[in-house]
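My questions all concern the structure below.
Order of writing sets the chain letters: A, B, C and D. Residues in each chain are counted from 1.
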Amino acid sequence: MRARLAALDSTMIVWIVLLISVVVGSIITAIEGRNFFSVGNIDNVLTTMTILGLIAIGQTLVILAGSLDLSVPFVVSLSSVLAGGIMAGQTSNIVLGVVAALAVAVVFGLVNGLIVSLLHVHGFIATLGTGLVVSGYLGSNYQGSHGSAPYAFRLLDATRIGPVPVATLIMLACAGLAVLMLRRTRLGHHLYAVGGNADVARMSGLRTQVPIIAAHVICSVTAALAGLLLLARLGVGQPTVGSQGGYDLMSIAAVVLGGTLLAGGKGSIVGTIAGVGIFAVLDNVMGVMELNPFLKDVVRGIVIVVAVAVYARREIDRRPERFGSAAPAETTEVAR
Amino acid sequence: STDDVSDAGDDDSGSKDTEWFVQADFDRQNEQRSATFEGDAATPWLQYIDGDMTDTSKFKSEGAKKVCFANASISNPWRQTGWITMQQQLKVLQDEGVVSQMETRDAQDSDDTQIADIDYFIKEGNCDAFIISPNSTAAMTPAVERACETGKPVVVFDRGVDTDCATSFIHPIGGYAWGIDTAEFLVDNLEKGDKVVALRILPGVDVLETRWAAAEKIFEENDIEADDQFTDADPTKIKQIITDAINSDDIKGVWMDAGDGAVAAIEAFEDAGKDYPVMTGEDEMSFLRKWEETGLTGLAPVYSNFQWRTPLLAVQKIFAGEEVPTEWVLPQSPITEDDRADYLKANDGMPDGHYAKFGGEDLPGFPKAWQDR
Amino acid sequence: MNDAVLNERGTPPVLRVRGVTKSFVGNPVLHGVDLDLVPGEVHGLVGENGAGKSTLMKILAGVHPADSGSVELGGEPVAFTHPVQAQRAGLATVFQEFNLLPERTIAENIYLGREPRRRGLVDTRGMERQAGELLRGLGIEGLRPSRRVRSLSVAEQQIVEIAKAVSFDARVIQMDEPTAALADHEVELLYRIVRELTSRGVAIVYVSHRLREVLDLCDNVTVLKDGRQVDTRPASELDEATLVRLMVGRPMDSFFPDPVPGTTVGEPRLELRGAGNGYVDGIDLTLRGGEIVGIAGLQGSGRTELLEAIFGIEPLARGEIAIDGVVTPIGTPRRAIRSGLALVTEDRKATGLALHQSLLDNALGVVRAVFPRRTDAVRRDVPELFGSLSVSARALSQEAQLLSGGNQQKVVLARWLATDPRVVLLDEPTRGIDVGAKHAIYEVMRSLAARGVAVLMVSSELPEVIGMSDRVLVMRDGRLAGERPGGSDEESILSLAAGLDEEVAS
Amino acid sequence: MTTRVLPVHETTFGRRSLAALATPGGGVFLLVIALLLAIMVSNPSFADGNTLIRFAGRTAPIAIAAMGQYFVIVSGEFDLSMGAVIAAQVVLAGNVIGQDEANILPGLLLMFVVGALIGLVNGLATTLLRVPSFIVTLGMMLSLTGLVRYVTGGAATGNPSDRFREIGRGGIQDVPLVGTIPYPLIVLIAAGAFAVWLMRRPYGRTLIAAGDNPEAARFSGTPLWWTKTRAFMISSLSATVAGILLVGYAGVHPSVGSGYEFAAITAVVLGGVVLGGGRGWVLSAAAGAFALELLFVLLNSLGIESTWRDTVQGLIIIVAVALAGRAWQGAVRRRPSVTSPPTPPQPATGDTTGEN
């Protein structure tokens, strides 16, 4: 088993874990006299995945680049109240609201990125700080819900293509773009480089700030998108909606659950999506089981650790064994 | 496919954005404080102020019904006490064969989750009736409306929503009444110009915001200087806030929008060696006990916890075809120094996080169910 | 005299360095160094640890600015502020420390920052094709450009580094101790690559502590001592003795010190019987007190693994291990250290030192971890210990990262001597170390032997193995291929290591 | 090559101390003094000895937590479970000790055992299962919080006996000048002394070396799993002590201790300790806690709208740490290796070696 496990890369393992949890989940659901694969239930799972998924995509990039973003919840809230306020129920203001929210997110991400890359403040502290800054702003200027989303915008949440919510498709589209970015653009390659070893990247002439800043900007933007989707869903801007979801730590957990190295330089979006999926299935099943809400947290906590443990041991690479199971490493010879 | 989304809110360009004070509501609740309630005062959770009634004859039907309960959370003692009461009430109705089962989803204080919960109930729950304790007012409105559109009875309680589609919206008189009771008490017991610290749990919850909105107004009118702060009901924060306040000026009164953590506030005065303040808390046992022990001048406003019984009983009426109040306003009267002793006695042995006016004395499992949680 | 050198070739120099000086936080490291390289020339740069070789390279490469002096590349005055600038201008450097990303592929590493693109997107396939051609151009087969660097051996990583340098079509390539991590047959491979490059007219600055190698490979040799340019001469006019004299400033009578008189080979201290794990197998060896036993073998023959097996890092799965005649299962380094073993690893930065801690903390590292009670006693001896190893530093409170390679190695040694071990395992103890420091370490080995300590030394430098060892064990493919007496000739050992003649391990 | 015997230090103690103030670890003490002065100016009543010492007393819990967190961070790890541990201990105290004074000692014992166990689990999961401590302790935080609220039904039964609460509430009475010396302050001083002693012991040096280079530590016979696990246990035990003080100070409530993990980490970083391990002084971590608390008091006495305090706090943290980063760079710039140009101290958030 060890050996076979070792042959798989972590992304694959995450998907296997996801598969297992779906199987187990559907069994439990059946025992509860429900159908896991019914439209309503799948809808529930996908909806649960959407928001955290979007945020986790951005978080993955930030973590790959060797940083962290704890400010996402506040960006989510900020974009929801900003856009909500601007739209104020008027269909004609939708574009303006969306643009404004995203623009603010870009600027905010830029600030995060600059603090981390130029002032050399560790991402953990930098974004803890900027998060506090925004939370103070929100607390001072918004008591309770703010503005409202027009009908047309709320369709974003209400519309389904087949069984799949449009919002979920948006999330998956973003995932697709992120994958392309990582695999096929210089930015993507440099992101891995900087996260893997900033010194090496620097020696290779990369401006190491660029990937870090880019990652933070993108992360804030995905968070803002999440905020917009929540606006469409709640119908109003909600200054606490981000904190309600605990998206900061949960997104980081999802990313690591998805097989990305917390230290950066190694990981994938595909894994992250699976990580988010595992959480969603878990929540869905616990919901069907009517598990005590406090016990839910206990389970979440244990699952996070256990699931990561499943493959974390493999992250530290062992050399190919000479005597015993594994095959010897490829050898280099000189052309004669 | 497209679930149809109602346009409610299009008109509302966020007029109550930061503004939680509506004079009309203030005046109405002010009157309701002295209103006469229909029904037997021995069962306050069934009492209501005369008003529009919803005709429920179309729901009249035999047999045990399945109820679906979308709960905002049980993340504070007030809600936990109520949740226990509700479960005990459920037992009764199950024994009576009124309710077959109550499926509960807990949103853990998340709007997003609660919307998903309600939608799940609509699609998968095959519910005969919905009970919803909204997490927040505006955000839950669309989801509640979707529930209404199923044609099944919908009962909303505690925090409100911006729609009257519900068969019945159950709540005590409300936040303004709380604010008036408490503020007037402090005004009566303090001098003009006295300083008061106002401790608030969290912003954005209507039932809490209106408490402060009313109190703040009254404080201003009677020039009491009130400085308000948010505490998340964390006693450490509460004690530090009070201590710092005491250090910088002479604090005569303490006002709370929810009594959870009141004891820490009082102890701050003890530790600083200062006289006790005039103070309003809530009918949480911790406060009542400390209040009695210290003999400070105080009042325990009440946001009637027994309201957690009413929704299920409303469902019972609805399926019996009996009309129910469209807006079911329950009595809400503070506990004063005079009747404090009675409540302490009645709730003897209850944990500090228990609420005196929980109204479950006649339910099965009393008192154990509330004692060992 | 420099001009004399280049006039022989008659070609104008591609690299011309004049009077380069450099000092770090006040203390001078280079005082006015001149250098001329003509196309196709291999220019050796030798000197003791801390002589300033790497610093000079780093200045030419644009890592550090020079305090004064001038550099011309192809006749153009240049002052690079970043390695990439230098690379683009045709001066590439293979640094002492590798600059590769383990999680990325060979191709991605070579073209990092210059990824070829098609229609705006990175052309992965094209990139790997180019990398493949590049490697083949250097005569390397069997290194798939899509392999992750993490899966490569030290030698293979070295090759990737060189390939990367070559990929800039450099006119000048600097190599800082390129063979330090290589075993002899791999050195051959490197020679091949160097000759390939010079035949293309590339000039090479070549830093090495392996003097033989320098004399074989270089056309001219510059000797640095304490940052001063002692001499620059054609290699043909030099031999090892002269080089050593120039470097050290004093003649070295016998390079390998003789055993301390009265040293006696005593009872078996370390015995392995049929020992093996995932990396080594069927190991039988006996190591006696007062003995110095060398282990020779090609890169990847498993010498390090053998030491790691003995030391409990990759514990034995088979066979048994006895210390002072007592069978002692060793499952962890801690256990090994408690049993009186010490292991000086081959990579000081990765496994030897805590670079941000002081020299004192580093010296006490092992004692504190394993024999905490002895800490205070040992602390008193540390200054003397450093003295005997002639560690050159400013104070015990200095952070280890500030020392040059050679001095860091001495600190590693001190760290282990502080535990007063009975069996000392040395893995490449003099890798990247200057002759002076080497000599000091040889002396230490001898005195250890004299005190009845058993010494087991892995080295890729055959002369060292032969010169220092009473017996030489030869490893091949994770097994002991056989034994040779001390003082045997290199050929017999090499042929055994390469498996050219069969023999059963004694 | 010199054969002279190396001196222990390059310069005199005085000059070293001055130099230290320029490092982040020393600078935080200057920050504390600056904040103190600022507060006294804006609110003279704070200058009163009694007020000051009371403040010191109430800051003890977070300062102790910060010192505990220091041990974990300097070894290259994180402990996000602190707040949850405090909450758990507070509730435990309420339910186990209750009003019966006879239960105080057994109760205390139980709390320490529980604290040690939690640290043990965190440590073993991190080192043996190789799960990043960030994740392990995040999981612990969720589970523990959930568990506490589940078993207590979220609401505290009631406060423990006043005798017990004295530890966090009381003090030595009628001391000239200051009035009362709060017990928490005494506990803090004891904890500080212990921490300093521990960091000078072989264990402390080994721990910090392990944070600097785990591999080298492993090859040196350091049982990483046990060395780091003990750091996690120290952290949880410090959270336990903080909990004991807090249940005295504030009383029982599940929300006591919420946010302490971030506060503690912030304090440690304000103290110039590098996330990722291997650098920093334990007392600076405590000083960082004082700086943080003083900041809140200052904002308060400046009458800053309570809702804006987060914002100011956020800005101050960033600025302070940015300056610290600059200072470390100063130190880092002197490194010989080309592969280490000035870089922000990167965290070892991911890598945790537990072999041996």
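Operating definition for what follows: contacts are C-beta pairs under 8 Å (C-beta built on N, C-alpha and C of every residue); 3 or more make two chains touch, one makes a residue touch a chain.
It should be emphasised that the depicted structure is a prediction, and the values quoted were computed from it without experimental measurement.
Asker: What pair of chains is linked by the most C-beta contacts?
Answerer: Ranked by C-beta contact count, first place goes to A-D.
Asker: Computing the C-alpha centre of each chain, which chain sits at the greatest distance from chain C?
Answerer: B
Asker: Measuring from the mean C-alpha position of chain B to the mean C-alpha position of chain D, what distance in angstrom results?
Answerer: Distance between chain centres, rounded to whole Å: 39 Å.
Asker: Between chain A and chain D, tell me the centre distance in angstrom, where each centre is the average of that chain's C-alpha atoms.
Answerer: 30
Asker: Between chain A and chain C, what is the separation of their C-alpha centroids in Å?
Answerer: Result: the chain centres lie 44 Å from each other.
Asker: For chain B versus chain C, what separation do you get between their C-alpha means, in angstrom?
Answerer: Centre separation, chain B to chain C: 75 Å.
Asker: Residues of chain C that touch two or more other chains: which are they?
Answerer: 95, 99
Asker: Which residues does chain B have that touch at least 2 chains other than itself?
Answerer: 74, 230 - these are the residues of chain B that touch more than one other chain.
Asker: Show the residues in chain A shared as contacts by 2 or more other chains, in ascending order.
Answerer: Within chain A, residues 139, 199-200, 203, 296 contact more than one other chain.
Asker: Applying that definition of touch, give me each pair of chains that meets it.
Answerer: Here the touching chain pairs work out to A-B, A-C, A-D, B-D, C-D.
Asker: Per the contact definition, I'd like the list of chain C residues that touch chain D in the complex.
Answerer: Residue positions touching the partner: 24-25, 48, 54, 58, 61, 63, 95, 97, 99, 311, 313, 332-334, 336-338, 343, 345, 349-357, 359-362, 364-370, 372, 375, 383-384, 386-387, 390-398, 401-404, 415, 436.
Asker: Residue numbers of chain C touching chain A in their complex, please.
Answerer: 82-84, 87, 95, 99-104, 108, 112-113, 115, 117, 120-122, 124, 136, 139-144, 147, 150-151, 153, 155-156, 159, 189, 192, 276-281, 300, 302, 317, 477-478
Asker: What residues on chain A touch chain B, complex-wise?
Answerer: 34, 38-41, 43-44, 47-48, 51, 84-85, 88-90, 139, 141-151, 154-155, 158-160, 230, 233-236, 238-241, 244-245, 287, 290, 293, 296
Asker: Under the touch definition given earlier, write down the residues of chain A that touch chain C in their complex.
Answerer: Residues 180, 183-186, 188-190, 192-193, 196-197, 199-201, 203-206, 265-266, 317, 319-324, 329-335.
Asker: Which residues of chain A touch chain D in their complex?
Answerer: Touch list, chain A to chain D: 66, 68, 115-116, 119-122, 124-126, 128-137, 139-140, 198-200, 202-203, 249, 252-253, 256, 261-264, 292, 294-298, 300-305, 308-309, 312-313, 315-316.
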